[in-house]
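There are structures below to look over.
Look for chain A in each of the two complexes below; its partner is chain B in the first and chain C in the second.
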Partner chain A sequence: MNASLRLELSRGFVIAGAILYIPANILPVMTMTVAGDVEHLTVLGGVEELYDSGLWPIAGVVFLASILVPFLKLLSLAWILLLDGSEHYRPHRTKLHHMLHQIGTWSMIDIYLLAVLAAVGQLGVLASVQAEVGGFFFAAMLLCTIFATDLYKPEMIWNNEPTGPTS
Partner chain B sequence: MNSTTENQPEPDDNQVVSDHGKVVKARHRFLSWTWLFPVLASSAALWFFWENWKSEGPEIEIHFATAPGIQADKTPIVFRGVTAGKVTEVTLDPTLKDVVVHARLKMFAKGLALQNTDFWIDQPEISLKGATGITALIQGNSIQARVRGGSYATHFKGLEKPPLVTTENPGLIAYLKAPSISFVDRGAPIYFHGTLVGMVGDKMVDENGETTLIVGFAKESAQWVKSNSRFWLLPATSLSLSPRGAQVNIAGIKTLVEGGIAFDQFSPNGVEATNNSYFTLASNEAAAKADGPPLQLRLKNGRGLLPEETRLCYLGEPIGLIESLHLDPATRTVEATARLESAYANFARSDTTFTLISPSVTPHGVSGLDTLVTGSYIACEPGTSAATTNRFICGTSAGDDSDTGDGLHLDLTAKQLPFLSKGAPVYYRGLKAGKVLNTTLNSSGLPKMDIVIDPAFQEVVCANSRFWRVPATSVSAASGILSVEVQGLASLIDGGIAFDTFGLQEKKTPPASTYTLFDNEKLAGATSAPIRLFFENGRGLLPGKTEIRYLGVPVGIVESVTPLESGSVEAVAHLQPGYEFLCRSGSIFYLAHPNVSLNGGLKGIETIVSGVYIECIKGGGAWADTFVGRFDADTQLLDNQGFEIKLNASSTAIRPGALVMYRGTNVGEIAAKTLSKDGREVVLTAYILPEYRHLITDKSYFWEGNGALVKIGFIKVRITAPILTALNGQVFVTTPDPSSPPVAARHLFELHHEEPDNQP
Partner chain C sequence: MEPSHSTLESRGSFMLCPVCKASIRTRLVSSREELHCGRCSHVLIKGHRTTTLQPAVALSITGLFLVILANAYPIMIFEVAGNSQENRIITGVLQLGDQGYWPIAILVFFSAICAPALYFSSIFYVSLACCLRKRFPLAKELADIVEVINAWNLVPVFAIACLAAVVKLKLLGTVHWRSGMLWIALLSLCSILLSQAFDKNLVEERLKNLR
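And now, the complex of A and B:
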């Protein structure tokens, strides 16, 4: 796979991720039924719920991990990919890319948590947790960012010529 | 891709122009890869939103007076158990009078948005009957819907309460009216032949002030509701008294606490009822059954009549009911409106008779007796006349007594007549032989009772027949047993009269002769000539009660007890036929009292329950009719004419009946305790059994063994226990030298308090 294809695919994944970011956040990721009380929770709704119940440190962590970090990831990836071939901020971009790669290891933790909750939280009528479609969009969005980060190699930042179309 | 173009240096423009083919290629590749995943992602998202949007139906608005538990984004709209939409917003209308619930229906439930659709809030309700809306309890309240057609609409007025039939197939709705309906309320069951077929929907008061129930029937049961169906209330739990006994009726476990309604049709030719028909709700089944045309019954006295309770009976079977009672002050009568069951409606003929059978004062035979438990009823005797009417005069059962005049009329007199009402029965050996007609005073001012004996029993009335009163209920105590005697059910209420002939029957009774009415059977049975007994004391003697017994068998009775001026009591007694041989000069009559002694056992214990009686010991002398009665004579001693001695002491607690002991053996008994003539000493009369007579010599030493002697070491303590003195005590005797000559009868000994020092 040559550099140009990598760049194109990477850009595509970022755009796809940005598109998926919208349904991932507005659709409920899970439905919690506690004693007959049905609650459809979006990611932001979950944060709000945690904050309302006084668990603001956890709310902060979830907000960071599930909303801010994916958003910043998409933003920084877009920035890196836009500056492809440019000589500006090459060290910064490399460092940022390295960071994104590191974060990427942990990015599926939300999905993992959701899977555990949905699997464990089955107490029949009393309480149950069900994964909703928002979770799939969320997972797809995260996958997009991971693929985008992985396809765009850090050495491509240092290519003097913009990774143009190749034969 | 602008940036790429911008970043290209200016001189390259020519290159780009010259390298024409590359640009085309790049454009081609650019389209092929970069947009692949964004297109996939956006189409997935778009597809999802499109699907979502496609399943969204119209938005509707429902107005409720209150909307408890309704939450935006949570509360579902449920139709036939399926979520058909969801509440999106809950607001108040500007006037604050209504809650406006906005809801989004699902596309498949678009058909709910029709003008006549009913929406109501389903909430859990826990009542005595049980809990309803259990699902609401677990899943939260929901808005339920029922479709009933109409054109498309999005604005609805929600129902205040869940409708009776929650599906759109309402079956049959009917209205039941009654002046007042006490306990049945919403949700009460409706039974047809014991099967639950419907439910009470609502209870309200209509514009005429009548209570109206709206009832609904399931569609499959609606066919049973006919135009001539009669509805009645099933009481929650009813206790009914009938000749069969007490019955507790529970129609069903649901009706246990709040009752229900039952219906049936009692006449043929009903057609299926139409929707919204009106029916009358009767208060009980009998009232519902009596659906014939109303009849007017005129009564002199409405005592015992209860509207909607009192039955009309024919041959003992209920055929109708008194519906209402009105007082008619003008004619001083009571007018009862009655209805017959439609099957008996043809009884309303001009010569049909109605008679009020009431239980109260006239125990006229056994026929009226059942009304004691069931209450009065009106007996109906249908006539044969072709003419029909609906106005009747109702007689009373007491009226038919007057016609029974045939039979043997007799007069009974007594110093005091028992209270016996007209119609009280006269028995002959347990058979009803006649009845009491009336009671008056005769010419000499004594009360007189007219009775009539049925012709069949005329033969057994003799000149020497005896009449006695049968008590309402008598409890008699024989020795050891108590027997309760009830002479027939009718006499249970207020007694009656019985008669029999004792001894030889003397035939040929002059009619309308006068007899004496005795108080009881024993008095009546004791027919002998009077004998007179004189007692020092009449304690326990009861005229008409105290018996005379011979060898323990009752043979006569004391008729009267009169204290005489001379200081004794004269008891006049009669003996039963066949025991006249007791009237001999040697006969002994003595009063038997209850007597408890430590060694002698219990004597006359039966007198504790039966009262004292006079025991008679046959004498061998000439005929006599006057005797001196005794107290407490020991039959054995009297028979054997034991050896009599006297003991005197300054005072003693020894009482008659105490035993005389010689070396621990009973040799005699103390028979009497009197004071000496000067009153300074007590004289005890003792009878010594003849076989021990030789033991009593003038050396004999008597002492009273009253109480217990306790020896503790050297100290002797005599305990005079009241319990022991209450028993008769004991007299001890010892004779140091039995060979000395015996004493003569009535020898006087000293009774010592101490035992002799040199007792052998």
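And now, the complex of A and C:
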């Protein structure tokens, strides 16, 4: 795979990720039915509930991993890709890219939370958990940020000419 | 510690940084020391963290058994008004699949079950080849796969997700821990220790010397 194809694919995944980020956070990730009460929970709603129950360290981890990290990741990737071929901030961009690569998959925590809750929530009206379409958008957004980071190589930051169109 | 062959060779010579193409004067690095590129801070030469791969063999076989235990035993039992439901790692995968969210189910299956199993078995295979000084087929390729799989070995993340899930479930009913949670916690610990014990540079050097 050559550099220009990598750049184009990476740009595409960042744009797709940014678009998917909106439904992933607006749409409910799961529906909880507890003793007949139906509750639709978004990612942020789940964090709020954890915070209200007094466990703010776990609420903090979930908030960081599933809301803040994907947002910052998309933002910094967009910055890195926009500056492709420029000479500014090259060492900063390289370090940032390395960091993005490291924290890559921690946002999976929300998907696992959904899986564990869906597994035990099979008690009918007493307590049941049904996955909702928001979880699908969330997983897709996550994969987009991971692919975008891996496709853009740090070597490309140091190319002297901007990466040209596919010839 | 004996300085390794490859670091001795590159003593006092110059090399190109593979990332930013800067010319860097190399020097001898001791164990646990790293030579960084002065311009982009890419790690150019890594000192060997260990001289032996025996801990890697021991930890990876332990990890393999723990993977089996973590998947075989239930993690928790959730109880509401006399009705109870227990779960294993696979229960969530099957349930998500049943509800029609099979792409998420596949993602969970791959990262919580396949990736740890692959990670531990490939490290076991590669480290055993180095320790026995025997040529195992595909050892070099598996050593490369370890790096990729390592990023997807998310057992510690799964353990924290279990904790968060229990916090939520406690509001609705009673939760009893089962031994599966212990195996998952130990498996997380084992993954973290193994990432310290497995030195990829050392493995590559040993494998090269075998050929």
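Operating definition for what follows: the second predicted complex is superposed on the first by the 165 of 167 C-alpha atoms of A that agree within 3 Å, B and C clash if a C-alpha of one lies under 4 Å from a C-alpha of the other, contacts with A are read in each partner's own complex, and residues count from 1 in each chain.
The rule is short, and it goes like this: contacts are C-beta pairs under 8 Å (C-beta built on N, C-alpha and C of every residue); 3 or more make two chains touch, one makes a residue touch a chain.
Keep in mind it's a predicted model, so treat the numbers as computed, not measured.
K.L.:
Once chain A from each complex is brought into register, does chain C clash with chain B or fit beside it?
P.N.:
When both complexes are placed onto chain A, chain B and chain C end up side by side without any clash.
K.L.:
Determine, under the contact definition given at the top, whether A:78 touches first (chain B), second (chain C), both, or neither.
P.N.:
Neither partner.
K.L.:
For A:112, is the partner it touches chain B (first), chain C (second), both, or none of the two (neither)?
P.N.:
Second partner only.
K.L.:
Touch test for A:44: chain B only (first), chain C only (second), both, or neither?
P.N.:
neither
K.L.:
Does chain B (first) or chain C (second) touch A:96, or do both, or does neither?
P.N.:
A:96: touches no partner chain.
K.L.:
Looking at chain A, which partner touches more of its residues: chain C or chain B?
P.N.:
Ranking chain B and chain C by residues of chain A touched puts C first.
K.L.:
Looking at A:86 after the superposition, I want to know if it touches chain B, chain C, both of them or none. Which is it: first, second, both, neither?
P.N.:
First partner only.
K.L.:
Taking the superposition as given, does A:137 touch the first partner, chain B, the second, chain C, both, or neither?
P.N.:
Only chain B; A:137 stays clear of chain C.
K.L.:
Considering only the touch criterion stated at the top, classify A:22 as touching first (chain B), second (chain C), both, or neither.
P.N.:
In the superposition, A:22 contacts chain B only.
K.L.:
Just chain B (first), just chain C (second), both, or neither: which does A:9 touch?
P.N.:
Once the two structures are laid over each other on A, A:9 reaches chain B alone.
K.L.:
Taking the superposition as given, tell me the minimum C-alpha spacing from chain B to chain C, whole angstrom.
P.N.:
Minimum over all C-alpha pairs of chain B and chain C: 12 Å.
K.L.:
Check chain A for residues that touch chain B in one structure and chain C in the other, and list them.
P.N.:
In chain A, positions 140 sit in both the chain B and chain C interfaces.
K.L.:
Applying the document's contact rule, which stretches of chain C touch chain A when the two form their complex?
P.N.:
So the residues of chain C in touch with chain A come to 18-21, 39-42, 75-76, 78, 80-81, 83, 85-88, 91-93, 95-96, 99, 101, 103-105, 107-108, 111-112, 151-152, 154, 157-158, 160-165, 167-173.
K.L.:
In their complex, what parts of chain A are in touch with chain B?
P.N.:
Where chain A meets chain B, its residues are 4-5, 8-9, 11-13, 15-17, 19-20, 22-23, 27, 35-40, 82-83, 85-86, 125, 133, 137, 140, 144, 162, 164-165, 167.
K.L.:
What part of chain B is in contact with chain A in the complex they form?
P.N.:
3-4, 7, 22, 25-26, 29-30, 33-38, 40-42, 44-45, 48-49, 73-74, 137-140
K.L.:
For the complex, give me every residue of chain A touching chain C.
P.N.:
32, 34, 46, 49-50, 53, 55, 58, 61-62, 90-91, 94-95, 104-106, 108-124, 126-127, 130-131, 135-136, 139-140, 143, 154-155, 157-158
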